[in-house]
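Pasting the structures here.
Each of the next two complexes has subunit A plus one more chain, namely subunit B in the first and subunit C in the second.
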Partner chain A sequence: MEDKKHVNINKKKAMRVLLATIFVLGTLFLLQRLFMPKYMTDIVEGAMIAEYYEEEKNHDVVFVGDCELYENMDPVYLWEHYGINSYIRGSAQQLIWQSYYLMEETLKYETPKAIVFNVLSMKYNEPQKEAFNRMTLDGMRWSASKINSIRASMMPDEKFLDYAFPILRYHSRWQELSTEDLEYFWTKDKVSHNGYYLRVDVKPAENVPEGKILADYQFGSTAYAYLDKMRDLCRSHGVQLILVKAPSLYPYWYDEWEEQMDQYAQTNDLPYYNFLDLTEEIGLDFTTDTYDAGLHLNLSGADKLSDYFGKILQQEFEIPDRRGESVLQTAWEPKIKAYEQDIERQKKGEEK
Partner chain B sequence: MKKKIVYIITAVILTAGICMGCGSDDTAVISKDDQTAQTESQATEPEQKNSAEATPEAAVDGYVLITEDTIMAPDMDMAPVLESLGEPVSYYEAPSCAFEGLDKVYTYDNFEIDTYPDGENDKIAAIILKNDMVETSEGIAIGDTLADIEAAYGSDYEVESGMVVLTKGDMDLKFIVTNDAVTSIEYDSKAGDAQ
Partner chain C sequence: MLFTSYEFLAFIGILFLLYYVVPKKFQWILLLGASYLFYAMADWSYLVFILVTTVSAYFAACAMEKTYTDQKAYLLLHKSEMNKDERKAFKAVQKKKRWHCLLLILFLNLGILAVLKYTNFAIANLNGILTFTGSTRQLDYLNLLLPMGISFYTFQTLGYLIDVYRGKYPAERNLAKLALFVSFFPQLVQGPISRFDDLSVSLFEEHTLNWQNVSFGLERILWGYFKKLVIADRIVIGVNTIIHNPDQYRGTFVFVGMLFYAFELYCDFTGGIDITIGVAEVMGIRVTENFKRPFFSKCIKEYWNRWHITMGSWFTDYIFYPISVCGPMLKLGKWSRKHLGEQIGKRVSVYLSCIVVWFTTGIWHGASWNFIVWGLGNCVVILISQEFEPLYRLFYQKMEGKGIHLQGNFGWKVFQVTRTVLLMSCLRLFDCYRDVPLTFRMFGTMFTNWNWNNLSGASFLELGLNGWDYLVLILGLLLVFTVSMVQRSGSVRMKIADMPGIIRFGLWYGLFLIVLILGAYGVGFDASQFIYNQF
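And then the complex of A and B:
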């Protein structure tokens, strides 16, 4: 009788401890959700990586890389004019090891016919800045790829635990919480169009500075190692890796860098397109086709580039026209509508 | 019942304490206003250096460039420098990916000044000498030799990626030396690099 009483008391105690633990963990989870940046009205680029997971994953072309892809290539144009089903897994200052791990992760979800990588990030051989790391890494779902990407990306003063439990990193935001943090607590709006950051405004490129003299033009060994890993990863999955350099006038792309990319592409039998050398052929006019003085293209420029590259994708790489597929057609309808609404809204100068 | 309430209150206080109590260690928050993940100490330091605007080069921790009547150095406010130098030969604004604010490039005949946004102001991120018409305050110009650098600055320097780097305060003075001739001279802000 006495033993039974003790057992009951112990059970009650265990239950209380369990409930208290659940309560504390639940509170921490909710606080973490509250404190993490939402990237909805401020730096929307930080919300792009996470949007991919909501997608139907049967793309024929996946673009992986930095702003030179997500602001210069337009998947909606590629669909409407070529029937190419594509997606951009882009983020601001995406470093080459981050691109590699995004590719690796993408190939766990789907096997596209081609992956397109923008080579500007070859210029970085070490981690650069936590704020940019966060915009790529926080949006990734947990996987071995994310863990490895965090490890490769961390600055010397960053800690893995801060990525595993972002509340450790963001708790000081409690002083800066805004209505955005409450409004997007559970759900977020889409900020991109299949990864494309759409801008319709115009700011002509004038007085673009020459590149300053560098002590060493050689791309770093880490950058090359990850490019090799991309090549091998794509080959092992039967995916065509296509290297591109977007036609951005700034940051400066040096001739010495171009020679190295040409050499790499030839040695490894990879296609490489430097669109900077093809601006006339593409029809780009940097007085009308850029919204930030030559760093990125606006919609007019992105559509010219997408038109040029769409032809290459179909003629050189046999990417199919899938406009006849009813499932895809249905999936694209609301996307096209949202895209057109975004264009209208921006032309009227309205806030989102 | 009372005990339960005590447990709940304790748990809430502990959780809030974890979240907010140690906040002083972590001042880095990613937002557009901040531009970048800066620590408070990094953010306040350029303010202290602003005293260089009103006072001569002695007030600046690092190396300075003096051209005619204008003293300039990394992390100084650009506005008074611009006022003193007058209109540049060319000017370019480069918004950084994702973050607001503009990195600006002012090109003059003999040098280029790059700035970074710091709140409402623009601070000097880098000064790059373009030719031998201008020299450092210690007398080194493009075309000089490594021996000239050592004679002017001593041999207590680092070599990083093929550059001779002299660090003073929160800035670097960098010389690229090719075939024993200086081909580039750059005054570089560490705070500006972090932008």
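And then the complex of A and C:
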């Protein structure tokens, strides 16, 4: 009788502890979700990395890099005009090691025929800014690639635990919570078109500044090490690595950098396209093809570049035209619709 | 390893688990290992200094202890052969041996402290004198290490040695146990300055996992983090804006900064002590309380009995009393009574002892004239209050005569408390500004540059804090005040323990969420070191 009573008391205690644990973990999970930035308006770049996971992963070309890719290459155009099924895995100031680990992660999901990497981030040899780190890393799903990317990217004052439990980082957002945080609590809108950040507005490039004189033009050893890792990773998976430099007029791309990239590409037998040298062939007009005075291309510019590069991809790298595949056609239809709606909306000057 | 770092939380989390998993007889050894690891994580080279202090104190205490045992054995053996004078002479010889031993170790340890902490201060003063005398020569500053918590562990160890010298308790014969007493990590950083007989019992005894110890300890830790992270580390933003820009923030702002700093220091220091006591309590170890609602004090003397209690009592027991009764001071007292009259004469030695104590207290806090002037300022206020005692009594009597009963009157108590808080806050200005002349200047601007408009909301928003921050601060301070009020009628944690489980859980988890969300930590906040770490 006494034993039975004891067992009942212990059961009750265990149940209470269990309930309390569930309650604590549940509320912490909900709070964390509430406090994490949603990146649905203003700075939408922070939401791009996570969108990849919703994708059907059988791309032939995956672009990996910073804003010089996700604002300059248009996968919808590539599909509509070349039947190239592509995706951009990029975010703001994405550093080379972040691109490497995104590449590594992508290759766990799919094996594209080519991976295109924009080389601007070679100029960074150390982590730069916590806010940009966050935009790339928070969106990644947990994996060894994410952990390694976090470790490589952390600024001296950052802690791994803040990435593992983002509430520790974003708790101070309680002051700036808005209806957006509630609206996108569970689900988010798509902010990109297969990773492409679409802009239709125009701001001509005038008085583009010359690059400042640098103390040292040599790319850093860490940057080179990750470029080597990219090369080896692609080789080991039988994927063609293509190096590109987008035709952005600024940040300035120095001749000394160009020489190093040329040298690297030749030494490692990698194709390298500097679109800055090909603006005439591409047909870019920086009075109409940029939305921010030459930093990034607008839709008109991105489509010209995509058109030019699409040809190269098919002629030089034999990327197939898959427009005849009904599954892909079906998958692209809503994407094209959303893309066109976005263009219409932006042309009308409407808010999202 | 800051108390506010994730590393510290992981460190104590693992330690708590291990503490109750290892065989009980090894608990104190585990603590010793943890304490040395904690210290080494700050800097391996610090270990040399704490080891020198520990080992020297160990041998000195054992040597002093031996004189007591030798004395006892010798007197027992030769009881019949010795007369009273011979016994007295023998005791005096033994005492002298102890005294030499104590002096040697005092010089060694205070010498280490003095060299590491005050050499550059001395050089700065010498350079000042050289400049004043027209010399162009300047001495170079030395790049010296200042081991974390050196003032605290040195004073704690010296307290132990003096107690052994006085025969208050026997010397600890186990070097490792003494090492744990000196280095016990929760109090190593900012005190309290424990006494060996207070701490050692619970430090070395075996502890069984006890729900009350664990829950009370964790509550105390959480409360400490609330005060530190939610209040102190938020209000420090406003304090720094004011004190680092003295040309811009004068007059009314100095007053605001002074009050902000009072709250910051209180929440920072007591928060740290709460964490210290809580960490020890989880392991069943009782650490002496260091605060007793100091902002409820009605006079400065009372304030110093409630603020940093262990430091105050250390200075009283080991500096004030020994100086007051030492030979030269007694002679001085006698001489001054004879030549200056009874009234003045009896005060001379007390005043002089007071000045020495407060000068030492000041310089212990930091190697700068600011702290020395702050210490002496406290001394002046205390002595003046003491001198005014008869006047106060007269004032009370006169008021009584008019039918006004001030003592016990709530309004009068509020006045006294406010007066004490303001007075202490004024003195603490020396802790804020970079030098003494600037402190006096800024203090003066409170009377010459007062502008009521600066107390408007817009001015407050210039200080780096927004409206939400002020709301958090107001509510946070109200909570601290309420808890202090409740404490007057007994332990708040005992009261919480008597509540139904669901309410207890709600209170703990609520406080945890407040710290987690409203705490000023992480990216965007410069999580500051505890102020008393620097002493």
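Simple rule for what comes next: the second predicted complex is superposed on the first by the 352 of 352 C-alpha atoms of A that agree within 3 Å, B and C clash if a C-alpha of one lies under 4 Å from a C-alpha of the other, contacts with A are read in each partner's own complex, and residues count from 1 in each chain.
Definition applied: a contact is a pair of C-beta atoms (placed from the backbone, for glycine too) under 8 Å apart; a residue touches a chain by one contact, two chains touch by 3 or more.
The structure presented is a predicted model; accordingly, all values stated were derived computationally and were not measured.
Between subunit B and subunit C, it is B that contacts the larger number of residues in subunit A.
By the document's definition of touching, of the two partners only subunit B reaches A:E206; subunit C does not. Of the two partner chains placed around the shared chain by superposition, subunit C is the only one that A:K159 touches, whereas subunit B remains out of contact. In the superposition on chain A, no contact is made by A:K4 with either subunit B or subunit C. Contacts of A:E130 after superposition on the shared chain: both subunit B and subunit C are touched. Once the two complexes are overlaid on the shared chain, A:R169 sits against subunit B and subunit C alike. Residue contacts after overlaying the shared chain place A:K348 against neither subunit B nor subunit C. Shared interface residues of subunit A (contacting subunit B in one complex, subunit C in the other): 16, 20, 24, 27, 31, 35, 130, 167, 169, 171-172, 174-175.
On the side of subunit B, the complex with subunit A involves touching residues 7-8, 11-12, 14-15, 18-20, 22-23, 26-32, 36-37, 90-95, 97-99, 105, 107, 112, 128, 161-163, 176, 183-184, 186, 194. Contact residues on subunit A toward subunit B in their complex (touch as defined above): 16, 20, 23-24, 27-28, 31, 35, 37, 42-43, 45-46, 66-67, 92-93, 129-132, 134-135, 167, 169-176, 206-209, 212-216, 250, 292-293, 295.
Listing the residues of subunit C that touch subunit A in their complex gives 6, 466, 468, 501, 505, 509, 513, 516-520, 522-525. Chain contact summary for the complex, subunit A toward subunit C: residues 16, 20, 24, 27, 31, 35, 130, 157-159, 161-162, 167-169, 171-172, 174-175.
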